[in-house]
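Report on one structure; see the data block that follows.
Chain nomenclature is as follows: A, B, C and D, assigned in order of appearance, with residue numbering initiated at 1 for each chain independently.
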Amino acid sequence: MGLADRTPPTAEEYADYRKRFSNWGRWGSDDELGTLNFITPDVRRASAQLVREGRSISLARPLDTNLGPANPYPAHHFVPVDGSGGMADYFGMFIHGFTQTHIDALCHLADDSGEVFFNGKPFGAARIPRDLTGTIDFWRDGVVTRGVLYDIPRLRGVDYVAPGAPVHGWELEDAAAAQGVEPRSGDAVLIRSGFGPYYAATGETQAFGSVAGVHASCVEFLYEHDAALLCWDMQDAPIADQGIPNPLPYPVGLHVHHIVLPYMGLPIVDNADFEALASACAELGRWEFQLVVAPLVIPRGTGSPVNPLAVL
Amino acid sequence: MGLADRTPPTAEEYADYRKRFSNWGRWGSDDELGTLNFITPDVRRASAQLVREGRSISLARPLDTNLGPANPYPAHHFVPVDGSGGMADYFGMFIHGFTQTHIDALCHLADDSGEVFFNGKPFGAARIPRDLTGTIDFWRDGVVTRGVLYDIPRLRGVDYVAPGAPVHGWELEDAAAAQGVEPRSGDAVLIRSGFGPYYAATGETQAFGSVAGVHASCVEFLYEHDAALLCWDMQDAPIADQGIPNPLPYPVGLHVHHIVLPYMGLPIVDNADFEALASACAELGRWEFQLVVAPLVIPRGTGSPVNPLAVL
Amino acid sequence: MGLADRTPPTAEEYADYRKRFSNWGRWGSDDELGTLNFITPDVRRASAQLVREGRSISLARPLDTNLGPANPYPAHHFVPVDGSGGMADYFGMFIHGFTQTHIDALCHLADDSGEVFFNGKPFGAARIPRDLTGTIDFWRDGVVTRGVLYDIPRLRGVDYVAPGAPVHGWELEDAAAAQGVEPRSGDAVLIRSGFGPYYAATGETQAFGSVAGVHASCVEFLYEHDAALLCWDMQDAPIADQGIPNPLPYPVGLHVHHIVLPYMGLPIVDNADFEALASACAELGRWEFQLVVAPLVIPRGTGSPVNPLAVL
Amino acid sequence: MGLADRTPPTAEEYADYRKRFSNWGRWGSDDELGTLNFITPDVRRASAQLVREGRSISLARPLDTNLGPANPYPAHHFVPVDGSGGMADYFGMFIHGFTQTHIDALCHLADDSGEVFFNGKPFGAARIPRDLTGTIDFWRDGVVTRGVLYDIPRLRGVDYVAPGAPVHGWELEDAAAAQGVEPRSGDAVLIRSGFGPYYAATGETQAFGSVAGVHASCVEFLYEHDAALLCWDMQDAPIADQGIPNPLPYPVGLHVHHIVLPYMGLPIVDNADFEALASACAELGRWEFQLVVAPLVIPRGTGSPVNPLAVL
């Protein structure tokens, strides 16, 4: 089963993803780029050719300093009462989670052994890699490539991807066809589930983790098309919606995360906001553009807050 | 005196900069973009045409978590001992200062009255604007424009701009001519003083504030050429080097800051690292490129850490 | 109505508390101690005479770094990933709330005008006093006085004060009588509602604010007996349980807080844990002891985390 | 050499302190109190008898949020710009260092192997113990004991202990004799070097670490008299002043710290302020009092900020 016959993986097939979609060793044992290796100078140059209207659109949500169901450890925006040498405002945040827009470095999640991450590099104490490897600072030169928006609600003719109906890999193919785009090596794959309309309609984000989102069946699509980066507005579909057991003893089943980060070596931008971009794409009749993601240079960081820009 | 006769401003002329180079009201009383208004769709589109080799280069310094003469309030990179819901690493920093690469929003500095900032908007308590205006979140769609590197050490045939010899406005004109670039409306002006070599040679950053840097005489250049953004690796030259009195009762004399932020409405990216870019420009024989700056969306923030990217 | 006839205040009577129980001006216009003035050298000396068994018992809850219904903004306990000059662990917290054991300074809450706090001192921006007054650093020499535990569940013969049945002022009198203690000027009044057993039995803290707790009718008791400090394990009873309207437009009705801090000038230690102390008191057959509270010296702080000690 | 002949230890003798003054196993292998075991109920009770005048005096310095030579990583006192659920001020700090008054838990420093701390308990990653042992939360019931101030400047007839003339163990004996105090088991030993006058006279704290302070020869005194706790206003004398090599490859030579914490199991309160206490003692003609130290209950903390109180 799989993309070819439009069927989600069985538990066994999903278990096999760890081998089937692994890129360990593909770019050498000292590689720090993972699938960003697909972004060649040609890919970067071609992406710039997509800047036609001269519009730039943010894909970030505003920093959220208030507690919420999906924001259990909110960001900080402080001013000193006195002291601190007269410094102005202080900004701080936990890098991951389900609210702030951020990019995951390859060291963010361990493989199923819990002891190593991408390329077999040793995990360390406190969720930080033991050695200086796999961290966000290796991507300081940023991600500049073609971004393609896969607008699933548009494909389905609905407002948002509803709970119980996760995004499947073959829908990415359908969306590409409907939108007249050919997936290419080095693409940033932007999967829109419609978080904005979902939140507006339901008023809730319900618990830690997406309530709706992307099925593990999309992993095959990412691998087969040599995607360089995944960016989404709703993360991995909940466990029940995946129809396969939870790979790890966590309350949320990150079926996509746990394959693409530690095995495929593919960066993820979590918690994007695609609403303005989706409108612009629909208006212009094109779903490809230059995408720029510029992680902060945090030495040994497991990721970074980012404000991804789509330039059309 | 001025650019025309290659003479720095007198104290009187500098005082007059507040009127002469003011953009208050130029784009309406509710304007939130300041000189970013110069970046039209045409400017953005043209900037993308400069991506020829398909190379992307970071202009950010790594986040510095250690105390140093120029880093009195270092950034934080923490992991929780326990608790915090199992969140991974925490990153935090004071947004401004002389170490971390960041962008200043228009509300960062007040005018000479100390009570209002650009466009006459009211300053508030604790260095935060009273109203929702002038803050970094208005620039969420980022800065995408042509960047031009003005490589002053290269022009002078030295390793770095030395203390006592600040960068003057007419040297920007000379550098443009030497590099074969025509300044254009909407440009990001990147002034390289050579902080990297300076630090390597001297081993010090000496106190809060640049020890060498950019003279107030450059303000006229920025205004006359409709610059959209200023980015530099060494900030305003020290007071003595400016040859004019310190405008404000601070230990550092931010002669450029105090004109371009509150009066001209021009964003500044402080503490850039131009070394890799300068090498690439010299190698390729061109000093213009696509520049992308993507501030984090910090509501009411007075700025943001950034990782500016030059795409060649 | 009131203590004398064992009746809770009407809305009118409660409104009158602001005048009736005010201590503004009682110790001069520059006073920074409020009811701590009742702790004379004699009171302090007498408290030491209560140390008979030589036992010391903490009244603090452990610092809680995890999100919970009563802990929306958890404390921080971090270690640096690298950098920070090799400093060891970092501890941080919001000073107030419903979880961490802390003391409220007199500047913590404004009076009903929202513009001044105890003794008419001006409130400032960002919930910090405008002038250097009313802050926790004035209490640097600590609170050393007689503590009396009013064990209400013991008086009632129940495990804990249940929702809907708040602690009333006359029950404090009953508890004193039952425990053989005479209230004295300068006492620290420790009101036990039995948070530990409540939490153990119900498994919940339900929302921001106590679900059960202390009725505004206790304010009269505190005033009439010249209490120096209030310490409790459950805070102000919910609005419905008070039977009087909420004084302020907040989701929680802090009927006791809003009288004793801004009008009476009486410090509060919130979120204590009395379980070990209550056992010891029952075992020893006495409910008085030396109480020591030592706030951290946080200049301009609105309070401080504390670990109050009962020494028997 | 040693106390008996008023001679500082040789390098060999100092090396032998690790065995000679070790308390490993003295109170069992699961002991969490170390020398706090000397504080018996009798000791606690007797300490309360010293409260005669009914005066309480803070021994803490105010929290310092500004950078200084001895404060490279200053404390934080913040207010949220917006958000944070309307929480008031935030307080945070690195627990150790040379500025804020704090207590060191037994897990704070490893023995010379760098792998275990007091009682052979395993050290862990990021300077946090591997197991739940040796941490500050075990001392939640606080320290209540007799405190004795050893006022060395008074003994010497000078304003402060000058650089080059560290406090020696036999001076503690001399001070006890001069002050009419008999050292007793369970005492808190407060060694005053006169940091306040030193700082007032010289205006500097010069670098990380005390510029003057306490010689390793005092360790014998602490051990021989069964001291329960050490509290001081200037820490270990600089390396040169000790006359023995630095035990560890650190820029500061913590000769006392590195014996009493990992080997003797004796808590230290660093960076106290004894000025007000010294005046009161001189005025009253007695140098003993009730001392109360109440560490915050920070689970797994390596120490805690404290405000020690002397009650006379």
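FYI, a contact is a pair of C-beta atoms (placed from the backbone, for glycine too) under 8 Å apart; a residue touches a chain by one contact, two chains touch by 3 or more.
Here the structure is a predicted model, which means the values were calculated and not measured.
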Shortest chain-hopping distance from chain A out to chain C: 1
Interface residue overlap between copies chain B and chain C, same or different (over half shared): same
Of A-D and C-D, pair with higher C-beta contact tally: C-D
Label of the chain whose CA centroid is most distant from the centroid of chain B: C
Separation of chain C from chain D, taking each centre as the mean of its C-alpha atoms, in whole Å: 31
Where chain A and chain D are represented by their mean Cα positions, the distance between them in whole Å: 50
Multi-partner residues of chain D (each touching 2 or more other chains): 65, 67, 72-74, 76-77, 79-82, 84-85, 89-90, 126, 128, 299-300
Residues on chain D engaged by chain B in the complex (per definition of touch): 67, 72-74, 79, 81-82, 126, 128, 299-300
For the chain B and chain C complex, residues of the former touching the latter: 64-67, 74, 76-85, 89-90, 124-126
Interface residues, chain D side, partner chain C - complex: 40-45, 47-58, 60-63, 65, 72-73, 76-77, 79-80, 84-85, 87-97, 101, 108, 126-128, 137, 140-142, 144, 290, 292-309, 311
